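Chain IDs A, B, C and D follow the sequence of writing; residue 1 opens each chain.
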Amino acid sequence: MKAAIIGGTGYGAVELIRLINKHPVLNLNTIISNSQAGGNISEVYPHLTDSIEMPLDPFDVDQICENNDIVFLATPSGVSKKLVPPILGGGVKCIDLSGDFRLKSPEQYESWYKDTAASEDYLAQAVYGLSEIYSEKIKASSFIANPGCYPTASILGLLPIVKSDLADYHSIIIDAKSGVSGAGRGLSLGSHYAEINENIKAYKLGSHQHIPEIEQILQDESGFPITISFTTHLVPMTRGIMCTTYVNVKESISTDEVIQLYKNFYQDHPFVRVRPKGCTPSTKEVLGSNYCDIGLYVDKRTNRLTIVSVIDNLVKGASGQAIQNANLLFDWDIRTGLNDLPVYP
Amino acid sequence: MKAAIIGGTGYGAVELIRLINKHPVLNLNTIISNSQAGGNISEVYPHLTDSIEMPLDPFDVDQICENNDIVFLATPSGVSKKLVPPILGGGVKCIDLSGDFRLKSPEQYESWYKDTAASEDYLAQAVYGLSEIYSEKIKASSFIANPGCYPTASILGLLPIVKSDLADYHSIIIDAKSGVSGAGRGLSLGSHYAEINENIKAYKLGSHQHIPEIEQILQDESGFPITISFTTHLVPMTRGIMCTTYVNVKESISTDEVIQLYKNFYQDHPFVRVRPKGCTPSTKEVLGSNYCDIGLYVDKRTNRLTIVSVIDNLVKGASGQAIQNANLLFDWDIRTGLNDLPVYP
Amino acid sequence: MKAAIIGGTGYGAVELIRLINKHPVLNLNTIISNSQAGGNISEVYPHLTDSIEMPLDPFDVDQICENNDIVFLATPSGVSKKLVPPILGGGVKCIDLSGDFRLKSPEQYESWYKDTAASEDYLAQAVYGLSEIYSEKIKASSFIANPGCYPTASILGLLPIVKSDLADYHSIIIDAKSGVSGAGRGLSLGSHYAEINENIKAYKLGSHQHIPEIEQILQDESGFPITISFTTHLVPMTRGIMCTTYVNVKESISTDEVIQLYKNFYQDHPFVRVRPKGCTPSTKEVLGSNYCDIGLYVDKRTNRLTIVSVIDNLVKGASGQAIQNANLLFDWDIRTGLNDLPVYP
Amino acid sequence: MKAAIIGGTGYGAVELIRLINKHPVLNLNTIISNSQAGGNISEVYPHLTDSIEMPLDPFDVDQICENNDIVFLATPSGVSKKLVPPILGGGVKCIDLSGDFRLKSPEQYESWYKDTAASEDYLAQAVYGLSEIYSEKIKASSFIANPGCYPTASILGLLPIVKSDLADYHSIIIDAKSGVSGAGRGLSLGSHYAEINENIKAYKLGSHQHIPEIEQILQDESGFPITISFTTHLVPMTRGIMCTTYVNVKESISTDEVIQLYKNFYQDHPFVRVRPKGCTPSTKEVLGSNYCDIGLYVDKRTNRLTIVSVIDNLVKGASGQAIQNANLLFDWDIRTGLNDLPVYP
């Protein structure tokens, strides 16, 4: 099976290259980069020297569709919405890693992204690619809106309790921490080494575009309107997201019982690992892998559940999850090409 | 004025050495280290070579009291409670940086510290050294329990809203992040470089000994019983604490109004800097200084206040605040020796 | 093929677990840890939770030899020399990752390691496992002394020029920089986060035990006595070694010519990637992979060659090279299980 | 005494602000930033909020000269050469932190900086501000070319041996490592967090513009033509430079003797601290301070001296040395405002 990557010089793309390289069925056939077309991927990423020597091609929808079975769009939000329609028109499967097709409501998109939304037609077609929850819809589809990094960690951490009827829906607070690769390879003072190293910074208080994405899924799955508090922090590390999430529980429940609830919920999902009591996951413990690890603690003093969920933002939070979705689209074992253990230490 | 430091080889002590060195009135006269007595401080800390060449002396209460006007105890919890009584008996002022005398209730101490408490006599004598709140009591005292690092950032962030009657006291959640120096110089896997670098880890969920310290002060200042949720995280940096604190507000209030409330509250307190709207502080922005910077945001969607408060855990969270307390004890300007700007970047 | 790891709780072992897990033929059958026998590997390394749940067994040579085809010793120097003889006696192939069998001269070992050497019999049997150079000897052997991390980067960087007769053998200076994982998981102030972060430190000037290992191979390959200057530095990162090596060249030669010399030398060696002119490798560009990348520059002003060689100390510098040697021992393609691209960024 | 800073938004400028703030005689009167004129310094550097609230003024030579006694130019190379002549014409003392006036030869400047040199008149006037060596010339001058960061560490490390006649002048190799703040606040992929973190990279092999600066001083002080090898590396930390320097010694000399030679050489220079035998300095041991620490080791096997010299690149390597030069210009004690101990850990 032949794959194309569009947006070939960002971190999402280079992680796709790494993962496709170890996938036994997918073959990387085309890398598109309008900004660096004519060059070679190993000039942009010297760690690929001698290993992946491929040209960077300009965007040409006919060529792409003729030569590939699946297209991964690792383009920024605002770009994908223009590229997806012609590619789908060419009969090729599409996985979009941007935020353009995740929100079902164009109004929400325009309010949070400060940009015009994609056409409603395509918004309706797009299946939200959280594989653990929507695998049946994904298998039946050919166009996937790959979830955001924060939403992946947040939603996987919250779903079992939110669907259990134990949660006070007004009480959800997600305190999220991310490594800096989540901000991409584009230059900004906020990703400048000397500003970030030996520093932790909260940013976009109350205005992060992942807020409506999390709320949309929690509402759909719970059947209740849910408004969350969500704070994002930049942590001096390259990879990793941790969500520390707080939910008031309506009835008394023990940590052991919550762990059992989560283990049951995720028993058929190999990429979610629920930790035993007292073992809280750290981000490094999933680095380079497609796992989402979850630790749980109920505080009897406050009747509040603390959920700690961690992912590698570039794998389970982006490119790994995209491969997982590709596996579903082609009806392969979901673990194909994603079996690696975390790189530790 | 002559000062002694007890526990001379830990990070609290070496930061006291740095700060006393730049203090115009205090002079470092004695460094006590039972474990390394006979050696020289520059052997333990080579960055002091040629600059601070002083012997490490064994603990001898008569010598200490005869030769010093003030004693800083940078000893671990469990040790200070044995050393303070004889030193006070020798007529010398004492500032204890450990947790031994912060909790007024011996039962609380024993429950959270898993150790026998100090005698009630001395617990009663000790004044909690949060200079911004208790300066009058401190001035009238000669024995100070210097606040913990997390409580300093948490309480300074919370006090204005907690004392305003706007806060829902059941809703307080503090999500705290700390650099690794807070764990001290003692070796442990939790401070081992390869385990901490490129990693973020939550620890001591629901069981951190700073929980009762924060609750005690919030209760005293509000007049209400307050039970908090408090989660601590280890972040890959050496210095800095950030508390991201969530409080439901009972009436509608704007971010601007909350900022004004905080500015009024801290107008006479030079070490607390309330940031303008949209300017959230990061830990590096106070590194090496005695500042506590506070950013504020009210989310109209949830009617919840987010407070971001940052300190350098070794300065305002320990040794700097100890110097600030010494300035009060001797009735000097509170800024004496503490005027430095943060080291940035 | 079944594999055992001895010394199962160190970083060398856990990296072997990661690599064996993705190897298509090798299967991890036994993990030996005397210090933690009776426990489970996932308790020692929580990132393996649910993925690798295996007991830690005590050392029992009969059991090991009966149940395994190959044994990897990830034990510290001083331990392997006792364990290897009985294992070889049991008819099982052995790859020792420690320094115990690398030096052919017992006197050298005793002088640099400050310990008694292994018996000469076994020293004679051991083949130095630098696969790029000694593949024929390795294939014919069943006992491999896996090279040290610094020697791997140093020797691969030097061999083409040393064997070319262009090098002034008296002029070799290796300035080496390593991430902290090279010091292992054992606790020490030198691996304590707050001492290493935001710091670079030179250590063991003139006394590093890898000096005689490098000299032994350079002498064997050149036929000349060679004495090097070698300085090691600890850099604030977890993985990676860079050797910046300086050699005076006897005749005028251009950077282009040296690059060609190196490309020719390594043309059949897929794990050594010689960079084009002007493209100097960084350690992150090989992280998590088995590559050794080499950059070259001849300074016409001084007639001196600068060689920059980088590896991941835990992969090509230890466990990856051990797998590469196992591939040779069993006569598999040398790339088996080692095809991964670097994890970047 | 009133001071102006030109180039007020870079790291050199903000470090000058920190140091002038603690200087007992210098007062910061003017901050010039053409790019951000009209704004306030605390908007550019929020860590100054409420502490240093000063406008950023456009460049106006009359205003500057009328209102200030000394001007610090923290402008990039290429800019200073245009600004210095009018300021000197206004009768104000000038300390230029850029490279524009360090090289006496315009040809050298043009060859290494790839730009036209400053006029020879002003090149002749400029005194190279390495205070330890040229204090008498500095005192007699009013225009100082403040040394580069790498040259400061390199030259201070080399001078005693170079002036001793023991050094083989053809053998000097400087392997230099720097924190990322040395690259300034301007955005580039080379300072992008995710590219630098967990990475070490060699750069500008053989072409760094500090090479002729080091050679010029070594030649002047030795009386011999000296050509060095000089390799620069970027290390994942914000502050700090380490030079590991190798020199062949012509006669047999012990480590103890070399240490004594250095101690004698620097006995009247409080900012250079020569370490005792076996105590090699690390960069963190001078962080935030004006010290240059030097460790020494003679390898009897190779008759080669290894010199490890460390500075904080923003203090002794830039702004601290500029203050030291201002102290000389005004004939104050050289330590004025520079007494601080390093910030450790």
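Everything that follows uses one rule, which is that a residue touches a chain if its C-beta (ideal position, glycine included) is under 8 Å from a C-beta of that chain, and two chains touch if they have at least 3 such contacts.
This one's a predicted model, so the numbers in the text were calculated from it and none came from an experiment.
Relative to chain D, the most remote chain by averaged C-alpha coordinates is A. Of the two interfaces, A-D and A-B, the higher number of touching C-beta pairs belongs to A-B. Chain C has its Cα centroid 36 Å from the Cα centroid of chain A.
Separating the centre of chain A from that of chain B, both taken as means of CA atoms, is a distance of 38 Å. One simple way to say how far apart two chains are is to compare their mean CA positions; for chain A and chain D this gives 45 Å. Within chain D, residues 11, 179, 181, 194, 197-198, 236-239, 284, 287, 345 each touch two or more of the remaining chains.
Interface residues of chain C facing chain B in the complex, by the touch rule stated above, are 11, 179-181, 185, 187-189, 191-194, 196-198, 236-238. On the chain B side of its complex with chain D, the touching residues are 11, 14, 17-18, 21-22, 45-52, 181, 197-198, 238-239, 273, 275-276, 279, 281, 284-288, 291, 293, 339-345. The touching residues of chain B, counted against chain A in their complex, run 170, 173, 175, 177, 179, 194-195, 197-203, 205-206, 227-229, 231, 233, 235-240, 242, 244, 246, 280, 282-284, 287, 295, 297, 299, 301-302, 304, 306, 308, 345.
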